[in-house]
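Listed next: structures, encoded as structure tokens.
First chain A sits with chain B, and in the next complex the same chain sits with chain C.
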Partner chain A sequence: MTAANGWTADEMMTVAAARALPDRAVCFVGIGLPSSAANLARRMHAPDAVLIYESGCIGAKPGTLPSSIGDGVLSDTADAVIGVPEIFAYWLQGGRIDVGFLGAAQIDRFANINTTVIGGYQAPKVRLPGAGGAPEIAANCGEVVITLRHGRRSLVEEIDFITSLGHGDGGDHRERLRLRGRGPGTVITDLGVLQPDPETKELTLTSVHPGVEAADVAAETGWDLRVAPDLDVTPPPSDEELSVLRELQG
Partner chain B sequence: MSRFAGLAEAVAAHVGDGDTVAVEGFTHLISFAAGHEIIRQGRRDLTLVRMTPDVVYDQMIGAGCARKLVFSWGGNPGVGSLHRFRDAVENGWPRPLEIDEHSHAGLAERWRAGAAGLPFGVLRGYSGTSLADHTLTIAPIACPFTGEELAAVPALNPDVGIIHAQQADRAGNVMLWGISGVQKECVLSSRRSIVTVEEVVDSFEPRVNGVVLPSWTIDAVCVVPGGAHPSYAHDFSERDNDYYAAWDPISRDRRAFEAWLGGMRDGVAA
Partner chain C sequence: MTEDEVAEEIASGMTVGIGGWGSRRKPMSLVRAVLRRGADDLHLVSYGGPDVGLLCAAGRVRKVSYGFVSLDSIPLEPHFRIARQTGAVETLELDEGAFYLGLLAASHRLPFYPTRAGLGSDMLACNPGLRTVRSPYDDGEELVAVPAFDIDVSLVHMNRADARGNGQFLGPDLYFDDLFAMAAERTFMSCERIIPTESLLEEGPVHTLRIPRLHVDGVVEAPEGAHFTECPPDYGRDEAFQRAYAATARDLDAWDRFRAEWLELESHDTYRDRLARWRDS
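So, the complex of A and B:
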């Protein structure tokens, strides 16, 4: 899908995710779109954001996007390279990460994430890669930003497996489990931005990307989607955001 | 004390049918050479352990070496699915694969407990997830000091741990650097260990994030330059991203995979 002025829906999603990363934030970055977004942010408004990759690279500053979580360009440019048990124990569980960027195969209306199986666990229809670092990223980071492509098979009424907890059953579920982080605060898709209602924690459409109507988003969502009364339109990617992103992607 | 050996000899001596085997490496320093040798020697009924089973585990699973997989993320990094792994889990081909599935934080803690000689590790993890319901090796435990509920996971102590590293010295000590993953924990947790290395040197230079594993923690050192390919050895090689991408169509198709397997067994390609 390409808009009239030349950006794609995936580029809009990446740019919107980049804007969600504040400067000086310490960010736990997954590979793929989250990594593109975090590196774009570092070149735009967040030069002092600290990117942490789960391979043990703290403060990585890759010049081109890595294709795996453990490319040499990450360790070469990092402030520190440490072992994997330390990353998860001292840094993530130690409460030192502000923002976790996660992808997802499926989410539900409370931003619970499935990256494990479609279908039953014992005899799955589709076996997905599994958890990786996500369950503890979702639990322990100050805030979580989720990116995924919109569709009725990805934003679903009920997920088959909770790989990583979002807002559970909604309301104060996270507080009851005594999780340290606030959980998913923003879900960014190729159609718009969803944010949890402050009370119920149900995801609500708060912004649509340019050219997208709220009804389009609702039609692509597997539950009865709530729409914010003051619905925004996401500013389109600027020329600078686009050129920097494309340069990063080589 | 470690002993220098040929890779075929080391695998024959240390890896038996039914063993629990870890060929570790977090993207970096993965001993593909050892995985391929295990396939060539036709090992069966292995319990394979790895945080990030990637292409070499897809190959071993497709070749029928594995009965069970202990893991925390099973994909082809930057590419997509491991289709041999999926075929085994979804369709039982070439044989069913039992799984023991964790998060990275949990499996890293299992490695650390194994290296420390403790019966279990503990973490603030798995709360509210379905993993806690399905994985038998995750149990709730109360902190004896504060009462906080935490997750306990049992130590990993494989029969054989296998890693790649950059260098050995002539006494059989091993040094690796760059992304160190759980290489140290893998060797220290395992009852026996094999390390494939790029080269042998008279003495080690100090390195950033250098890890030295003394000779007496290792059983066999095998000099296999390029033994991590298509993974890489920092300062010796680059990750061969094209190989990972090219694996996808082979992995998707049983016939293409079997053709690859035949070639690999004959030593035509790796």
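So, the complex of A and C:
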């Protein structure tokens, strides 16, 4: 899908994710869309965001997007470089990260994430990359932003495996587990933005991207999607956002 | 020591920890020796890469405990993917942080380490061996108790070492190799070059000496010992070789040829000779 002024649905998704990162936030960044979004944010409205990569780079300021978490451009521009164990122990478990970006193969209506298997656990149809560091991010970051492409196979009634906890069964499930992070606050897809209901924690469509109707989003969602009464339209990528993003992606 | 002498120390049924990370600084010459010597029914503990894939494809593995199994530039290790999808191996699949705590607990000689990660997830439901523990203090929090890995032998690969077993890493990251060395009953270390103790500070500062000889039971000099995984600054990953290896997962004949050509060799020297010819061709 390409809009009239030339941005693609994936670019809209990246720009919307960038806007979800507040200035001065300490942000845990993975390679791919999260890295694009976080670096776009740092060049736009969040110059003082602190980007942390799993390889141990704290406050990385890459001029071009890194190809992997071990890319030298991260350590060369970082405020500090520590080891991977310290990232898990002192930064994630220690609760020092405000925002974590996560991708997903599947999510359900409470933003629980599956990145482990499609099919049964013992002999899966498809084995996915697995947990990685995602359960640590999901449990411990102040807030989680999830990005994934919309579709009935990715936003499903029941996910095949809960790899990383979102809002569990909904309501106060996270509080009952005494998790310190608030869990997923925003789900950004190529069609729109979903946010949990403050009480039930069920994901609700709060914004559609330009050119998308709520009915289109509902048709691509595997559960009966709730739509916010004051549904917004996501502002399209500005010329500046688009040119900075494309320069980053080089 | 030689690779084969290390492999003799590994008996069928043992739990073997393997250092490195994905397709990075893996003790591949030791892994091939283990494969050659025929130990089977192994339990591997690894931030897995081709070490796990090779041993699974060769049918030597009963169980894998892992944080991931990846070739980095190829996200899913294809041989392990087959083993996992056909249910050929038992698994203890932890996230990377929980896996770290299993190593940490073992190195501290504690039975477990607590964490919040994994609460409410299917990690607990699908791994009956994982339990929770309640804090004895007023907070009363219930936490996941990640059990210590009970590792018989760890294998790690360093850039340099002295003959007594002081290991040095010169790349960007030690990964968890110090913990693998401390978690295991015994640890064997290969290295690119054995150098005199007094030369250890010529290439890197004292902070790069992270595997003290007290944790090491034997050293093997293995130039290109991590091939085809990366071992910076000595060499990068051999992506062409890795692609050729990965392609054998889809084709049984290709795997048999790869095995005869690259795995069933008498020594690491033979492997290096063959590698030199492969690169020239």
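To be clear about the criterion, the second predicted complex is superposed on the first by the 250 of 250 C-alpha atoms of A that agree within 3 Å, B and C clash if a C-alpha of one lies under 4 Å from a C-alpha of the other, contacts with A are read in each partner's own complex, and residues count from 1 in each chain.
The rule is short, and it goes like this: a contact is a pair of C-beta atoms (placed from the backbone, for glycine too) under 8 Å apart; a residue touches a chain by one contact, two chains touch by 3 or more.
Computed from a predicted structure; not experimentally measured.
After alignment on the shared chain A, the placement of chain B and chain C results in a clash. Residue contacts after overlaying the shared chain place A:Gly72 against chain B and chain C alike.
Shared-chain residue A:Ile31: touches chain B; no touch with chain C.
Look at A:Gln93: by the touch rule set out above, it reaches both chain B and chain C. Of the two partner chains, chain B and chain C are each touched by A:Gly130.
Once chain A of one complex is fitted onto chain A of the other, the partner contacts of A:Ile118 are absent, as it touches neither chain B nor chain C.
Touch criterion met: A:Ile82 reaches chain B, while chain C stays clear of it. Legend: residue contacts after superposition of the two complexes on their common chain; A:Ala214 is shown touching neither chain B nor chain C. Taken together, the two structures place residues 54-56, 68, 70, 72, 75, 83-85, 88-89, 92-93, 116, 121, 123-127, 129-136, 139-140, 161-165, 168, 173-174, 177-180 of chain A in contact with chain B in one case and with chain C in the other. Residues of chain A touching chain B in their complex: 31-32, 54-57, 67-72, 74-75, 80-85, 87-89, 92-93, 116, 121, 123-136, 139-140, 161-165, 168, 173-174, 177-180. For chain A in complex with chain C, the residues that touch the partner chain are 54-56, 68, 70, 72, 75, 83-85, 88-89, 92-93, 116, 121-127, 129-136, 138-140, 161-165, 168, 173-174, 177-180. Residues of chain C that touch chain A in their complex: 21, 24, 66-70, 72, 75-76, 81, 84-87, 93-98, 100, 104, 115-123, 126, 139, 141-142, 172-176, 179.
Contact residues on chain B toward chain A in their complex (touch as defined above): 26-28, 51-52, 71-75, 77-78, 81-82, 85-86, 89-90, 101-105, 108-109, 111-112, 123-131, 134, 148-149, 178-182, 184-185, 208-209, 232, 234, 238-239, 241, 244.
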